[in-house]
Structures are given as structure tokens and as C-alpha cells.
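These notes are about the structure you will find just below.
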Amino acid sequence: MDNIAGTKSGLMWTVHISVVVLVALWLFPTLGLLVSSFRTADQIASSGWWASMFPTEQSIQLRTAPPDAQVQEGALWVIEGNVFAVEGAEPTNAGEISAWGVSARDISAYQPGETADMEEDGRLTVEADGAYRLENDVEFEGRRGERVFVTATTPPEFTLDNYRNILGPDNREGMARAFFNTLTVTIPATVIPILIAAFAAYALAWMDFPGRALLIAAVVALLVVPLQLALIPLLKLHNDIGIGKGYLGTWLAHTGFGMPLAIYLLRNYMVGLPRDIIENAKVDGATDFQIFVRIILPLSFPALASFAIFQFLWTWNDLLVALVFLIDATGDTTVMTRQIVELLGTRGGNWEILATAAFVSIAVPLIVFFAMQKYLVRGLLAGSVK
Amino acid sequence: MNRHLMAGVAGLALCAGAVQAQDLMVPVGEGGFNWDSYSAFADGHDFAGEQLTIFGPWLGPDAEALENVLAYFREATGADARYTGSDSFEQQIMVDAEAGSAPNIAVFPQPGLAADMASRGFLTPLGAGAADWMSENYAAGPSWVALGTYAGADGSESFYAFPYKADVKSLVWYIPENFEDFDYEVPETMEDFRALMDQIVDDGETPLCVGLGSGGATGWPATDWVEDLMLRIHPPEVYDAWVTNEMPFNDPQVIEVLELYAEFTGNDDYVAGNAADTAAVDFRDSPKGLFDSPAQCMMHRQASFIPAFFPEGTVVGEDVDFFYFPAFEEKDLGSPVLGAGTLFAITNDSSAAHGFIEFLQTPIAHELWMSQEGGGFLTPLTSVNTDVYVSDVRKALGDILLNATTFRFDGSDLMPGGVGAGTFWTGMVDYSSGAKDAATIATEIQSSWDSLK
Amino acid sequence: MHPALQGLITIVLGVAGCVGYFYFSNQFLDKVLYPARGENAGRNINRANQIRPWLFLFPAIFVLGLYLAYPVVETLRLSLTDRVPGGGYEWVGFQNYAQMASEPKFWEAMRNNMLWLIVVPAFSTAFGLLAAQLTDRIVWGNIAKSLIFMPMAISFVGAAVIWKLVYDVRPIDQDQIGILNAILLGLGREEPVTFLTIPFWNNFFLMIVLIWIQTGFAMVILSAALRGIPEDTIEAALIDGAGPMQIFFKIKVPQIMGTIVVVWTTITIVVLKVFDIVFAMTNGQWETQVLANYMYDKLFRASDWGVGSAAAMIIMLLVTPILVWNVYNARKEMR
């Protein structure tokens, strides 16, 4: 007995550890995106996201205050301050300087506390905490301060600006409208295909009629139709019959594009349901419609729920179908994916916004996933067989 | 009671005023703008109640800037003008036009696509008046007209697309303080430029940052290089023959240019990182090497839009500056400039759409965007007040456009899409990785061109 | 009207319409057309049962026909025509196919697609099955599932950034922002690796992205199937002294074989259509072209609808073995 318990707990440990490894592998890339969503574009492009969580040694370019900050001390003209200070504000995110320089030729020529003689440009001393003193025998001229290259260990720095950019007041109104528009698209585009597909799947699984196998094959064949090809004929059709661009056309399009997979998945699940239940019901005089509504639908809940999750996801994250079938040139019926694309520049490359947007738009699908998960219950079937 | 009411009305009026001021970024009549052209246009056009839809590739700050210009068109004509942008513009405009739900006006980033649409009969000719106006009023006007002139569905040529908003491509970006630290001079000739590259290598630094990566469009920065070099070693006639394929792509004169390109960017000493890996570096990331500490490179050849990808807070003209990508002194080809422009074409005819094209012929339509940072707007229109440019740097860029002795458009944009946005890009990627030699690449591109004929 | 309210009304109307159709059409069939009473009761029931499948199937067939079959026919027609300059089309027979076959890029795409078809469905299904089985009985299984499922929920633009942060390469003297290169350099490699430009192997780096995404799909479907297995079969095996491995491979896997095959088939078809990943990461350069991206290239870049449609027909042809197999299976089930 002990022995069995021992192997059992050992096995459980193996399971736990394997799942941890698997989850870690799957999560790790996304973690990079999450961390990046709290960084500025420059930070993302200049250092790895993993490095941002720890103090790092970096070489950066800073400037002394401009010449208009100078004061006269006897015969000397002096500018004092802290190189980490931004435009007169208190130094933020100060680092620990390990070396510094004043020329691109040698960016770590000096140790903290040493003085660099820049000849006609004066003499500069920089301390480890960033405090500096620049002095000269003649008045400083020009508009900009002296460049200082420092090699410093800086503490981690994160920002909420990206989230402010997407959800902030400037964009909130548009985003809220896009949110409702997106829901208006996704919910019918999820529910309607499931209903239609469930009936069709039942017919293909449990009803006997000529041409059934061919129909099943046709459904599989249609899974493969590339979306890009369907766009022009269908939009033309919508324009011809007067639907034009709008919600109705979008629901129909999503229904059409999601239908083969829905039928295929649901049919496969329904075929696996125990034959006795259905035959018993038939013997009891139930019609196919009753059997479907009272027995098949409840039993198929796990399959319905899993397809609902996917169809919801696709319609939620879809941009192409929305652009072609929904959003007309007036731009009133915008959806969230589009609202986010609007924030990106024309030439792309705004990775910080992309990263943030990914987490903003993932929230609802994850809630749906959690909500649906309780329908993926074990034993529903087992219970009803007994 | 009465007083309260009055105060309320006054408050409302104030609000209304505030709203209006928000809509128009500069009140009509203020600043150095050409308001006469605005009033003349407003007097002659009334599209009250009409809707005008404009669809283009611009997003973000570019779209905002255009929106600000549109506000004046709305104010002047009463039309309900709306712009929408898409990152998949090229695909969508094709789908919309084929299906019959095109917007009134489409903004084409590339002439190739516009020419294709014109040949299928989706564009409305703008009329000889617009073309004449452009040859007179744009610097190097005839070449701008040629950019928007295509064969229509019946095979006859007309002016279909109105170039508005230009980019200058022949620029080299550098950091003046780095040049100061190393005592480098801005090169005036290509001979000096190449000598400078060698000097930089001798100093233990790297001359160039090159990045060809651009997701689905990877390779295009290399095509700009090739075009710029072509204009610097061959007369413009050769360039014209090349982009129209009168001269085949695998002509020795083209191969010569490809090999020259490799001399610049195929050398590990000249290029930051691995010269064979330039295609793996994103073009948006590559200019950042200039600003690194220590600097990854001293110079970066890229078009006038690139400051949008400089680190935040960079001041062009102070932190970073540009010089004209110089010409060979010995070749005596003048100072050729490579550029690009976006084109406005009517995809769904209406009187407001024609009115909008006429609006683009007023100086004010150009000046309003010139005065904004977003979009990096430049114009070849000679009648504008260049003082309204948002910065001195922008003005200097605009001057390059106005003063070019030879002006040519981005050749890859002029080639058919399958070549200019296809095999030319992919060919340059293969070439820069060293996988194939120049002659092989050129022959492959030519055969892809043949298959399109 | 508030868009939310408008949405709500349409949802209710749409759903009510669907339910109404099924309910009333069945009522009509049973009560009015062929009532199961009177002298012809027996014949009427039989007739009603012959018609009923089509009542159930009609909306699905209608939508499928209009939204998928009609474009296929249209595509077939386009693939046999070429655009005439100046508008209209001309019949060119198989010329587009011939042109395609003469392009090395097409054959490269075929080769790569074969690789994708073997690797991605196999690994996605295997990982999905593993994840479904392992998370089934542990306390935090649902959380683990959501985390593995997350890549599916991330929009494609997000996924592109994620993998850029994995595969990105910087010159050796710069900080790497791609984690793989950072790890490799940390382990003592001299030169960073440009993952996406090494011919042949880069295909596998792209496949990893799709496997990462599709595993969530496989997991959810297979997990639902695993939970559908009747407890008594497992209990019986436990009593017989079967170990966990035996139960998994000998009891569970055979019972959900149908679902495994469905998942495999679905992912195979996703692979045939895969386009975004290749488009965003390499655009088919460095020998990573796949058929779907080749098709997109022809359709919207070269605006050569003839060859683009021909490529689409090839994609559809590749699915034929799966079709044949499905017909065979459906016949077997019917018996």
C-alpha cells in the first residue's frame, strides 16, 4: 500500500513539474511582450526586456545644462548640476557612474571625480552620482550643453505611458465606441454559426440520408478556402443585393467562414455520443427535433463551448473581415483592432504600442475562456449514460 | 433670471468659438499663409451636404496632419470630408474597387498601384487643366505630371493621379558632434564621401548603418540605394530606360550599379554588424546606431521621413543633421535627387472629389501641412511661402526638392508591382546576403519582368 | 440608438430567427405537411424523416454555398483566365498553371509547405495532447490551461512582436534584444545567429511560432474529448492493475482517436492557409516561401489574379487526400 502511494505521489510530482516546464516554455515569449509593454520604444529597441528588470550597466549620452545656466564665480564661468537631471527637474532615475568621457573617440576616458580638460571648451568634473561642474575662463556660448558620455549602472525603469496612450482620455471615446462595435460584431458572429452548425452536425452525424459522406467531405474541403479569394466576389455580392458594408454583411461573412470548422468539430463530437441514448429516445417516440434539443445539445456542451471560444477569439481579433465588410469610408463603425492599428505610425515599428495593445485586447477573450471553461466539465456524459 | 440666461448664451457662444478654434489649427487670416488662395477657393466652391470619402495608407500622426488640412476644406466648402487610413491599403483598395464600393478619393503611396488601377478603368481622369497647372507650378513639373499619367482602360494616356506630399531620398544623416569629435568634414563630392568612409575605418569606427528589414517589404531600402547610385554614375536617360525596361535589368550598366552598391554595403568594415546580415536589421532600428554610445556608425543614408524613428527627443538640426548624398565630381552629372510622392486619385467620381483636387492646387492646401510636424510633408509647389515650414530643417529639405537639377522618382515605385515591390526587393535581399552575384540577380529580375508582359 | 442596445437587439433577433426557423419548420413538417396520424401515419413519418435532414442542413448548406463554394468556383474560373489590358478577361486554359510551374519560387513554396504539413500538425497535436492530459487532474490545471491557451488569444500583431523579441539579432558589439541570441552569446557563442535568414533551418524557426499558437487549440479540443471518456472504462483498467502510461496509451488515446484525427486535420488545413506568420516575419525570403504567401504575393503585389487563383487551386488540391480519407471514415461510421 505504501509502495503504491509512494509511486503515486512521485507521479504527481512528475506531472506537476512537467506542467510547470510546459507552461514556462509557452509563457516565456509572452512574458517578454508583457515586460515590453511597460517600456518606452527606445528602451525596447536598445536593450533586452529581461535586462530591464535588473539594474544594468549602460553607456548613455547625457548633456550638461545649456550655457544660459552659467554663473560667474570670480574670473571663472561655471555651470553646475547633475547630468541625470532632465531640464532643470530633480534628477530622476539616477545611476552610479563608473566611467565617463567627453568625446565620441573615447567614451570612458575618465573615472568619476576626475577632471577633463577640453581646452577652449573648459574643464569638466563629473562625480559618481552624476553631479558635475563645468568651468571656463571665458563665457560659454551656444545653445546646447556639452555632451557627456557616461557608463552608469541604472536602476530598472518602467512606464505606464503606453497604456495611457491606448486607454487614456485622448483615445478613450474612440476606444469605448470601438469596444461596443466589436461586441456587436462578435456576439452574433459567435452564436449564429454555432446554432446553425449544431443542427447541421446532428443531421450529418445521426440522420440517414443519401449523399451524407459526400457532404462531410465537402465541409472539409471548404475548410481550406483561402479567405483572400472570397473577399472580392462576396463584397460584390453584398453591394449588389444592397447590404453594402455593415453589420449584417459582417455577421454573414463570419458565419460563412466559421461554418466548416464548426460543423466538422461538432459532428465529430456528436458521432461519439452513445448510440443507446438516441435509440432509446426514438423508441420512446421522441422526434429528431426533441432528441436534438433535449439530449444532444446538453450533451454537446463541451464541444459547443470549445468552438464558441475559438469563434469568439477569431472574430474578436479579426481585422481583415472587418475592414472589408464592415468599415466603410466614413469610419464610423470602427472596431478595436482597427482603433489600435490607427495608433501605429504609417511605417509601423511602434512595438511598444503593439505590445500594450496585445494585452488590452487579450482581456476579453481570456474572460470568455474562463467563463466557458466550466462547461468543459468531466462526467456530464458519463453521468447520463448510467 | 434674464441675466442668467444671457450669461448662458454667452457661455454657449464661447464654447462654440472654442470648438471652432479647435477644429481649425490656425484661424483663417493669421500667420504667413496664403489666405487669399483659401478665400478664392471658398468663394468658388460649395459642396454643402455632400460627403467626400478619402482612403489612404496614412495612420497616426500622418493621418492627424491630413485631418487638420481637411478641416479647412470642410470649412471652405461645407462638404463632409472624411479620411480613413489602413495599414493594408493596397489590398483593400483593390478589393473595394473590384467590388464597387470604392471611396471618392484614394491616396496611393506608389504610382505602380495607381497605374494598375487606371488600366482597369477604376480611376477618373483629372483633366488637362490639372496637368497643365502642375507642369507650371511644381518644380520639375513635367516629371511630376508624368508620375501621375497612366494608360487608361482604353489604352490612351491621361493625368489620373495628383502628386501631393513628397519625400526626398538622397540624404545622409549624421551627428554633427561626432563629426566634430573626429574632425570629419561633410563631404561635397562622392569622391570625398568614399575617402571619408576609409578615414572612418582607419579611425577604428564604422561608416554606415544599413538596415533592409521591413517585414513583408524587406529589401526596399536597398532599392533606394541602387536608384540613388544609378543617378550618380549614369545620365538620367539611362535611369528612365531602366525603370521602363527599355534597357533590360541585366544590362551591364545596371550590373555596374549593383556592384557599386556592394562596394558600399557589402564590406564588413563599412557596415555596422555583419555586412551579409543587413537584410536582417530592421530599417526602423538601423538609424538608432548613430545615437548609440559608443556610436555604431557615423552615417546613415535614408529618406526624409526617417527622423520619425530617431530616439525620442532627438532634435533634427541640433542632435542630428543631414547632408545631400553627393554626386561624383568626375561624372559631371549635376546634383541628381531621388524622391517619392503620394498620389491622390479619384476612385469614385463626384463633384466634391474634383473640388478636392482643385483644393490641392491652392498654395494654402500645401502650406497648412507644411506648418505641421506630422507626416514630414514636403512640397515641390513653387508658389508656397517656404517660411511656414515647421522647422528650418524641413525648409532645407524642401529646398533640395525645389533646387534639384535632375529629379527622378523612386524607380521601384515606377516599375510594375511584381518587380518594383516584388522581385527587385527579394533580389536585393539575396544579393546583400551574398547568396547570388549581381549578374544572376539581374537576370532573375529581368525574367520576372518578362513574365509580366 | 446606443450601439450596445442596437447590438443587443440584433443578437436577440438573429438568435430568435435561427431558433424560430428550426422550431417552426419542424412543426410544419410534423403537423401540417406529413402529420403522423390518420390513415397514412406510417408513410407520413417516413416521408417526414426523409425531408428532415435537409431542414436541419439547409441554413448551413446555404451559407457554405454562398460564402465558400461560390468563391471556389469563381477562383477556378479566374485561374483559367487572364486579365486583358483595358478590362475584361480572356480564356487562357492552363497557361497560368504552366507559368507557375516554371517559377522556382513556386517549387520552393511546395517543398516548404510539405515540411510545414509534416512538422506543425504533429508537434501541435502532440503538445496539445500532453498538455490536455497533464493538466486534467491537477489543482491548478485550469490556470495552466489558460496560460498555454494564451497565444491563441493574442492578436497576430502581438505575436509578431513576441517572436521578434525572441529571434531578433543585433551586431555583436550591441546589446541583443532577442532573447535567443542573448542566451547563445551568454553560453559563449562568438557570433549572434540570424535565425530567420539561415536557409532551410529558418523554416523550422517559423514553424515554432505556429506550433506555439496552435497547441492551445489542440489542447482545448482534446481536453474536452478526454473529459468525455466514460469513467467506468478507466476504473475497469485500474482494477486490472494498469499503470498510468498504459491507461493513457491503451485506454484513453484509442477512445479519443477520432478527435485526435480531427485536430490533426484542422491544423493541417490551418497550415495550408498559413500566411500571416511568413508574411510578417520573412515574406517568403531566404527560401521560406509557402503557398499561401505566394498566392498573396501574386494577388495583391503583382496583381496577377490568374496565377494567384491558380496557386489557390493548388492549395485546395493538396487537401484531397484528407477528403478521401474523410469520405472513407464517414462511410465506415454509417455502417
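Assorted remarks:
Labels A, B and C are assigned to the chains in the order they are written; within every chain, residues are numbered from 1.
Definition applied: a residue touches a chain if its C-beta (ideal position, glycine included) is under 8 Å from a C-beta of that chain, and two chains touch if they have at least 3 such contacts.
All of these numbers come straight from a predicted model, not from anything done at the bench.
Farthest chain from chain A, judged by C-alpha centroids: B. Counting C-beta pairs in contact across A-B and across A-C shows that the higher total falls to A-C.
Once the centre of each chain is set as its mean CA position, chain B and chain C turn out to be 40 Å apart. A straight line joining the Cα centres of chain A and chain B is 31 Å long.
Put simply, the C-alpha centre of chain A and that of chain C have 21 angstrom between them. Those residues of chain B in touch with two or more other chains are numbered 91, 215, 292.
Shared interface positions of chain C, defined as residues touching 2 or more other chains, are 160, 300. For chain A, residues that reach two or more other chains under the stated contact definition are 45-46, 228, 234, 341. Interface of chain A with chain C (complex): residues 11-12, 15-16, 18-19, 22-23, 26-30, 32-33, 36, 44-51, 177, 180-181, 183-184, 187-188, 191-192, 195-197, 199-200, 202-204, 207-209, 212-230, 233-234, 237, 247, 251-253, 255-257, 259-261, 263-265, 268-269, 271-272, 287-289, 292, 302-303, 305-306, 309-310, 313, 317, 337, 340-341, 351, 354-355, 357-359, 361-362, 365-366, 369-370, 373, 376-382, 385.
If you check the complex, the residues on chain B that touch chain A are 51, 53-55, 57-63, 82-88, 91-92, 95-96, 98-101, 103-104, 177-178, 181-182, 203, 215, 282, 284-285, 288, 291-295, 305, 308-309, 311-312, 318, 375.
By the touch rule above, chain C contacts chain A in their complex via residues 2-4, 6-7, 10-11, 14-15, 18-19, 22-23, 26, 30, 49-50, 52-54, 56-57, 59-61, 63-64, 66-72, 74-75, 127, 130-131, 134-135, 137-138, 141-142, 144-166, 175-179, 182, 212, 215, 217, 220-221, 223-225, 227-228, 230-232, 244, 258-259, 262, 265-266, 269, 272-273, 275, 292, 295-296, 299-300, 309, 312, 315-316, 319, 322-324, 326-327, 330-331, 333-334.
Here chain A touches chain B in the complex through residues 40-42, 45-46, 59-61, 103-105, 107, 143-144, 147, 149, 228, 231-232, 234-236, 238-239, 244-245, 319-320, 323-324, 327-331, 338, 341-350, going by the rule given at the top. Touching chain C in their complex are the following residues of chain B: 90-91, 94, 113, 116, 119-121, 151, 153-155, 215-219, 272-274, 277, 279-281, 289, 292, 296, 416-418, 421-422, 426, 429-430, 433, 435, 451-452.
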